[in-house]
Amino acid sequence: MSWLVPVPIVLPLVGAALSILAGRSRVAQRVISLVILTTVVAASVALIIVVDRDGTIVSNAGGWAAPLGISLVADRFAAVMLLVASAMLLVVLIYAIGEPGAERNHVGFQSVYLVLAAGVNASFLTGDLFNLFVAFEMMLTASYVLLTLGGGREQVRAGMTYVVISLLASTLFVTTLALLYSATGTVNMADLAVRIADLPPGVRSAFAVLLLVVFGIKAALFPLFFWLPDSYPTAPSPITAVFAGLLTKVGIYAIIRTQTLFFPVDSRPATLLLIIAGATMIFGVLGAIAQNDVKRILSFTIVSQIGYMVMGLGFFTVAGVAAAVFSMIHHIVVKTTLFLSGGLIERAGGSSRLTRVGAMMRDAPVLAVLFLLPALSLAGIPPFSGFISKFALVDAGFASREYAIVAVGLVVSLLTLLSMIRIWAGVFWNPAEEPQDPVASAPAATGRLGGPVFMVVPTAFLVACSIAIAVAAGPIYAFSERTAADLLDPRAYIQAVNAR
Amino acid sequence: MRSTTRIVWLLVFWLLAWGEISAANVASGLLLGTALLVAFPPRRRPTRARRVSALGTARLIVYVIGQLVTSNLVMAREILSPHSRIRSGVLAYQVRDASDEVLTLIANIIALTPGAMTVEASRTPAVIYVHFLFLHDVDEARRGIARLERLVVAALGGPSPIPVDASTSKEGST
Amino acid sequence: MIGELLTLIGSILVLISALGVVRFADPLARMHALAKASTLGLLLILVGAAINLSDMNDITSVALAGILHILTSPPASNMVSRAIYLERDATHTNDVIDEGAVTLARYRAGGSGSSA
Amino acid sequence: MTQAAFVVLALAGACFAYRLSRGPSLADRVIGLNGFLLVGMGALAVHAAHTGIGSFLPALVALALVGPISNGMIARFIERLGG
Amino acid sequence: MLVILAAFAVAGLLLVVLGRRLGPAAFLVAAIVPAISVVWTCAQLGAVSNGEVLSEHTSWVGGLGLSLDFRLDAMAATMTLIVSGIGVLTLVYASRYFTADTPDLGRLAGLLVLFAGAMVGVVQADHLLVLYTCWEITSVTSYLLIGNRYTDANARAAALQALLITGAGGLAMLGGFVLLGHSAGTYRLSELAAKVPTSGPTITIALVLVLLGAFTKSAQYPFHAWLPAAMAAPTPVSAYLHSAAMVKAGVYLVARLSPIFAGAAVWRPSVLAVGIVTMVVGGLRALRQQDLKLLLAFGTVSQLGFMMVLFGAGTPAMTTAGWILLVAHAMFKAALFMVVGILDRATGTRDLRYLPALDRRWRWVEVATVISVASMAGLPLALGFIAKEATYEALIDRPFAGSAFVAAVVVSGSMLTVAYAIRFWWGAFVAPRRRVKTHLTAVATPAPGLLFVGPALCLAAASIVLGVALALADRLGTAAVRSLDPSAAPVHLALWHGLSAPLALSAITVAGGLILAITDRSIQRVLLVGSTLPKGEAVYLSLLRAVGATSRRVTGIVQNGSLPIYSGVILATAAILPTATMLQKWHWPGWPSIGALDDAPIAAALVVSALGAASIRRRFSAALFLGATGYAMAGLFVVYGAPDLALTQVTVETLSTVVFVLVLRRLPDRFERQSSLQRRAVRLGIAGIVGVSVFVFAIVAAASRTATPVSEEMISRSVPDGHGRNVVNVILVDFRGLDTLGEITVLAAASIGAVALARVGHRAAAERGERDAPRPAVDHTASSSHTVVPRIVFVDVSVQVIFHVVLMASLWLLFAGHNQPGGGFVGGLLAGSAFALRYIAGGMAEVRRHARFRPWTVLGAGLLLAAAMAAFPIVRGGAVLDVASKSVTLPAFGTIAMSTAIVFDIGVYLTVVGVVLMAFEAFGDEREEVRA
Amino acid sequence: MTVLLAATAAALFAIGTYLVLQRKLSRIIIGIGLMTHGANVLLITSGRRGDAPIIGESNSLSDPLPQALALTAIVITFAVTTLLLALAYRSWLLTHDDEVEDDVGDRAVARGLPLAEDEENTLTTSSTSRDSAP
């Protein structure tokens, strides 16, 4: 089955090329994207089944065994992220197509979107640290383009912040790669795992922290997250949804992957991770409470939620990492859903500012449901998936006797609830306080569903997915536990890569 | 230039690049050169076909090399000596054979020699403006350009009546 | 040996022109000085290198570089000179004679169709 | 003698670098950068002759081809901008 | 049990979504499921009363010990009956309370059903986390119910307050539960007693956390404020949530845990203290209310405190009394709320100062009121009386330290209850009639219908029936108390305990209450004591404000919106954190060699040009310095032995310059603002830190190398397996072809972005014409819309000559690349330079005239070629990018090695050409666009 | 790695950092360019120094892998720089400057604009009115 592994990377690239060539026909472009992404989802499903059954699959690009070539490694962690991510990409694409907006009609949109998909998928699958850099760049460059496609003033300003910070992160990544190669003579991840163990302890720990900072910028950790809430909200909703759902998770993925794979127990920055986790949660959620705009609030809660995942990792136990993995799955789905709902709200209300919209309960009850359920899930209210995630983290934290961070996590979840409720009240209950911005778009006619069918249905589907995660939490958590066990004992990974 | 000339020129370049004359290189050079000229056809101008003179070209080259050496010496003296002999100025020179090729070749050769520099050229009228660094004798400088013009025209196989064609004059700006 | 000598002479010519670029007072004059480095100096270095190299492929490469340089560098330096000339302040030059002043004036007036 | 050529070229490079950094006009800087490139081309050739290895000659060819391009672009730029 | 809970959920959701059209009838539909629950529970009563326990277990998240465990014992059955039974009555009542024109009744009915289901879940849960789950669902549904009339600001605020306070308590409780679960090794309530240790700091903390949850939910002082505020909810909601159901959850939890933890040092004192204070404060506040509903709300607070006291003590007798009070309170309080709702609907006010007098048709309402009030006051014959008697009896034995004090407070608290009970009846019915006699302002208020009064009457009847015919409840009560505390003695509910001390206390209570009620006005000053206590609202409000203010202050500082500060923080973090970590286990490997002499001029050039770029205050010159740095980098690549890099660097640098020129020609050349000295000092500081850590890292990392690099193998296998002598190129197109594929993708995406950004203004125009498809390559109309670039003769002709040469050179680099420096990238960049020449000669029109193909086509074709070369081997069953090679021997040509790697490299080449063309497409046009 | 080149890389990083911490996008772009050069110095020096890695020309070849990696990094930086320049260009079209402005929303929060919702005010009013003294 190893032929399946590169499919999620290469297929979108072929699609992107075709899409560029098919520039004169939007319909053709859409068909290409839909077919490609559906196929990728199918491939991801197949991969996760096979990987869970038979163990890690390695596919060597070009047929060159590690460390000569680039190994693509599908283990449980990669497979599950791949599946969730590609499903999100497909659903959001349908939403984007369903939105009658000008920006998504740009001739380049579909191809760049496919490049983003390829980059995200490659980030999960690659077993080579430099190739991870390239995958990041694919993903990021595509994201720069998607963010600024409209060319509006806010988008340009936000784009500057986003691109500059991302470029700094990329430069730091290259620098880290250079230093790592300098110290070890390899960039293959399995190989690095072996060679880093031979480095002096100080150097090892320093590299752990350096990699943490590098990926921490992408993952939006404190104090590296400030760019995120300034840039994400300016993009069109489907774009923000993908960014929010996937891009930061790719950063977290890289953090979890590198920290567990490369560094032996004594050089993992566990305490630092917990401190960062706490600060990220707190500053993120305080930021969310201070905001007045749906998308900005949601953006800040991305940050605070990232703190939870880092907290799970910081325990470095199977329970903790499993909780982190489960959180990632949950959060990708729920956050994407929330931004899609937010897009519908913005469309129906003509604005995403809490003061400009209001009392939408009456006109858009469907949107109310589509927002409330994922919002409660995000805040960790049972029985939704967010609760399972929160409980798993709390459970892991108590098992590790890290009471302080657990307490922070619980308080932050209450504040998260407050921030979600502020959106709920501001959008669906409170009357609008300010008149509509005359320049901004007027509220669109919404109809009974509260929006165009092909926007509402994908959103509803994701809401159903997030509920399904809670219902099927048993098997999903069990899978997360197996994933965590794999991650914390990387011998199987290394062996699979090095098996010639 | 004719297409065949261009292809040959490209082939020579190709062989120099590969540094080896082999059947494969010649074939590929011809093939790619032709392909390039087909894919990116050079703009055809209604100019009279010239017959490039080998002797004229050789004489031109010798002249240029001589100029190169002498002007370099003059320039070196100027740079290294404490006293400045600089007496600069711009001359306008009307070219008799006003074809683009001649104009360009004159302008470029002037650029190769220190002490003189083309600063502007116009097609109609066919005038080049040359900046001299040591303009002690204006007439001598003009004669220098005229000599160059003669050599260039001889090398390119002129002189020819100037074909006044509409498209060229429209495009020429200055 | 002869190759190395040519190389050294070429280098010295380049250095002299560099001194000229430093010493000369106005941009056009500096341009003249640079033309020295870009022609004879570099060509001598290339010839010297070609003599010293043994591989035929390498020699042809050096030759190619030389030919291409002669081909491409004049129009470029002409363009730079032209830009300097057209944009400089006509009233503040050291030129003893400027037969192009008319052209210059017309250019400035936008008669050339330039949108600058 | 090769070493001497390198030293001489380095000195020339320093002179061009001086013009590049002092200007004062943009054209002067272009001249400086151009000279800098020429020194680079010269050094490449000397290097090749010195080591007998032709690996860097394609770079020499490329420089001969593309070096003037930036000059031309900048010239067009100065034309619009002035000075 | 799970089936019934699921039925609640499904029915609730269906009503929320589809119940819109039903109008008030939705409530009758909604009553079906609770009715089923009542019937089902009654059917189990026989078994349950015999002490049997029904249980169900369904696994949920095995790995976390989460399973859906439910059980029905007598206590759970009691609560289920209360919750479902009163639920049915409330829903019937609501169908008359709301008029048909009220919007969204379906949603309200559905939420009530959902809430009822969650409440049933709370009482039937046998798993702490399932209990928590249902608990939180009640919080959320109560939020939505209280705020249902969202146009009312009070309702919204009250809903939020309820949610936040109970939510906070819930989270504390979750923490406590997890701690308990970890200590006991089980989350099963039924197993907890056997397994949990009852002392130790962990248990203490856990219990405090759990109690926080219980106190907030049951509106205990000082967390009680949300309950009176929640009276903004429609009255049926209050009647249900705030008397019978939700507020009992905390009491229920305490009742469940008391027998297990009463021995723990923290348990009894805290529960009793909180309960006592709540009871008194609630009573005092109730006496001061003019709004009947608020009076009941504070009465509920007081009664909940009372119940806390009873259950929290953890003695069997107190628990018994608690059980009776629980049942009694549910009945009389729900009935009274319903009465208030009826009055409110009919008269338009709930203020006892303005209520009109009601005529005889209202007698059934008054009957229900009198009975319920009597039960509340603990007058004989009513169930409330028995509860009070049982309490006094339980306390008289002084079962624990301080019980005398508790008894005294309970008596006083009960006096207050009597007083506000009288105040309620008097204010609602008697006083208005007296006012009518004096002022003659009687209004004929229409009497309520049967279904409206019925539920209240039913509850009142139950209060009397149970109060008189106690035997009915005897068995259930015994079983319930024993299900909580197996050591409890049988409950014997008796109307008449004989002339005993409890009776005397009851008499004192009633008498005291009467006196309080009569001297109402004159003791208001005393009652002000109640309002001088710190108020829960105030605490809540100041907390909420503090959170808001803190969040804004912190966010204002941290998230200040300034990119330089963000960059500075990131760079400083990236420099300091790793270096500091390294310093913790510091080991200096010693200085490496100073450096080769060859490098010195290059290093100098690098640093000088970089400094130039930093110091110059003109945009374009800075770009030139960057270019010089780039060329110096190429020099470093040369001395380090990296020809491909040198080649790439010079071509990239040239094209960068081209792009810089294209863009910067539009921007003003000079930077204007000079920043303050202080800012520059900070910048310099961060720059210094970054520099130092790079230096340290570079030296330490290099000195740590022990292993041989993996590239040794690449060198040895380049020719035999990679079929190329240029190892770098073999790496790029073969060993690490995936990197290259990704890289050209980045190029393509970036160029698309550049075109999109730079040509935003053009799109609208294009949309009108050809649906913004990329413009065709040969666009003769284009030149008319763009300024004609001044042509220069010598440039025109030179470009004519050089153009094809450059293209030829690019092809040479492309094809030679596998064996000598070159390759697709450099080739493509050089070909792109050819078009730059065209641009120099004649601007965009010239580029379009000669490019022949649309930039998009070139870009797409290149990418497709490369991606297809990568994908094709997969189809054949090989690995991605698997290179196939074949040697062909032709006569006169010799052996020619054919490899798919070269096809891949052609793809790279085309992509790069496309990118350069796209860059011109983006920035090339002379005309400056309209401001968008 | 030598002290000289480590110091060169450090200098490039430091100067780049200094430029990146400014407001004009063109300066930031140049700063990032310098930092990338610094990273490439580190990359190229992370491998062995030697003659061009072309088989058959020499016996002491330089390490080809960092070269390939650096090449990829150079091209990617070029691509993204182009995009950033497009942003600068667009910014100039919109504002006639390429200055990176502060985020409007963040500034609003920092200036302490009140929360728009009426939760707080409502609570204040309703809770005082509710418990009216008789």
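Think of it as A, B, C, D, E and F in the order they're written, each chain with its own count starting at 1.
Here is the rule we go by: contacts are C-beta pairs under 8 Å (C-beta built on N, C-alpha and C of every residue); 3 or more make two chains touch, one makes a residue touch a chain.
Note that the structure is predicted; figures quoted are calculated from it, not measured.
When you average the Cα atoms of each chain and compare centres, the chain farthest from subunit A turns out to be B. The chain with its C-alpha centre at the largest distance from the centre of subunit D is E. Looking at which of A-F and D-F shares more C-beta pairs in contact, the answer is the pair A-F. Inter-chain centre distance (subunit C to subunit F, centres taken as mean C-alpha positions): 38 Å. Note: centroid distance subunit A to subunit E, computed from Cα atoms, is 16 Å. Mean C-alpha positions place subunit B and subunit F at a centre distance of 48 Å.
Centroids of subunit C and subunit D (each the mean of its C-alpha atoms) stand 11 Å apart. The set of subunit D residues touching two or more other chains comprises 13-14, 30, 54-56, 58, 61, 63, 65, 67, 69, 72, 74, 76, 79-81. Shown for subunit F are the residues in touch with two or more other chains, namely 1, 13, 20, 28, 38, 40, 42, 45-47, 51-52, 54, 65-66, 69, 72, 76, 79-80, 83, 87, 90, 94, 100, 103-106, 109, 115, 118-119. Among the residues of subunit A, those touching two or more other chains are numbered 130, 134, 137, 141, 144-145, 148, 151, 156, 160-161, 164, 168, 175, 179, 181-182, 187, 229-230, 290-291, 425, 430. By the document's touch criterion, interfaces exist between A-E, A-F, B-C, B-E, C-D, C-E, D-E, D-F, E-F.
Those residues of subunit C that touch subunit D in the shared complex are 3-5, 7-8, 10-12, 14-15, 17-19, 21-22, 27, 30-31, 34, 37-38, 41-42, 45-46, 48-49, 51-55, 57-58, 61-62, 64-66, 68-69, 72-73, 75-77, 79-80, 82-84, 86-88, 114-116. Subunit F meets subunit E in the complex at residues 1-24, 26-28, 30-31, 33-34, 37-38, 40-42, 44-56, 61-72, 74-76, 78-83, 85-90, 92-94, 98, 100, 102-107, 109-112, 115, 118-120, 122-124, 126-127, 130-134.
Residues 68, 71-72, 74-75, 78-79, 82, 112-115 of subunit C are the ones that touch subunit E when the two sit in their complex.
For subunit D in complex with subunit F, the residues that touch the partner chain are 51, 53-56. Taken together, the subunit A residues at the contact with subunit F in this complex read 130, 133-134, 137, 141, 144-145, 148, 151, 153-154, 156-161, 163-164, 167-168, 170-171, 174-175, 177-179, 181-182, 187, 229-230, 233, 290-293, 296, 353-355, 422, 425-426, 430, 433-434.
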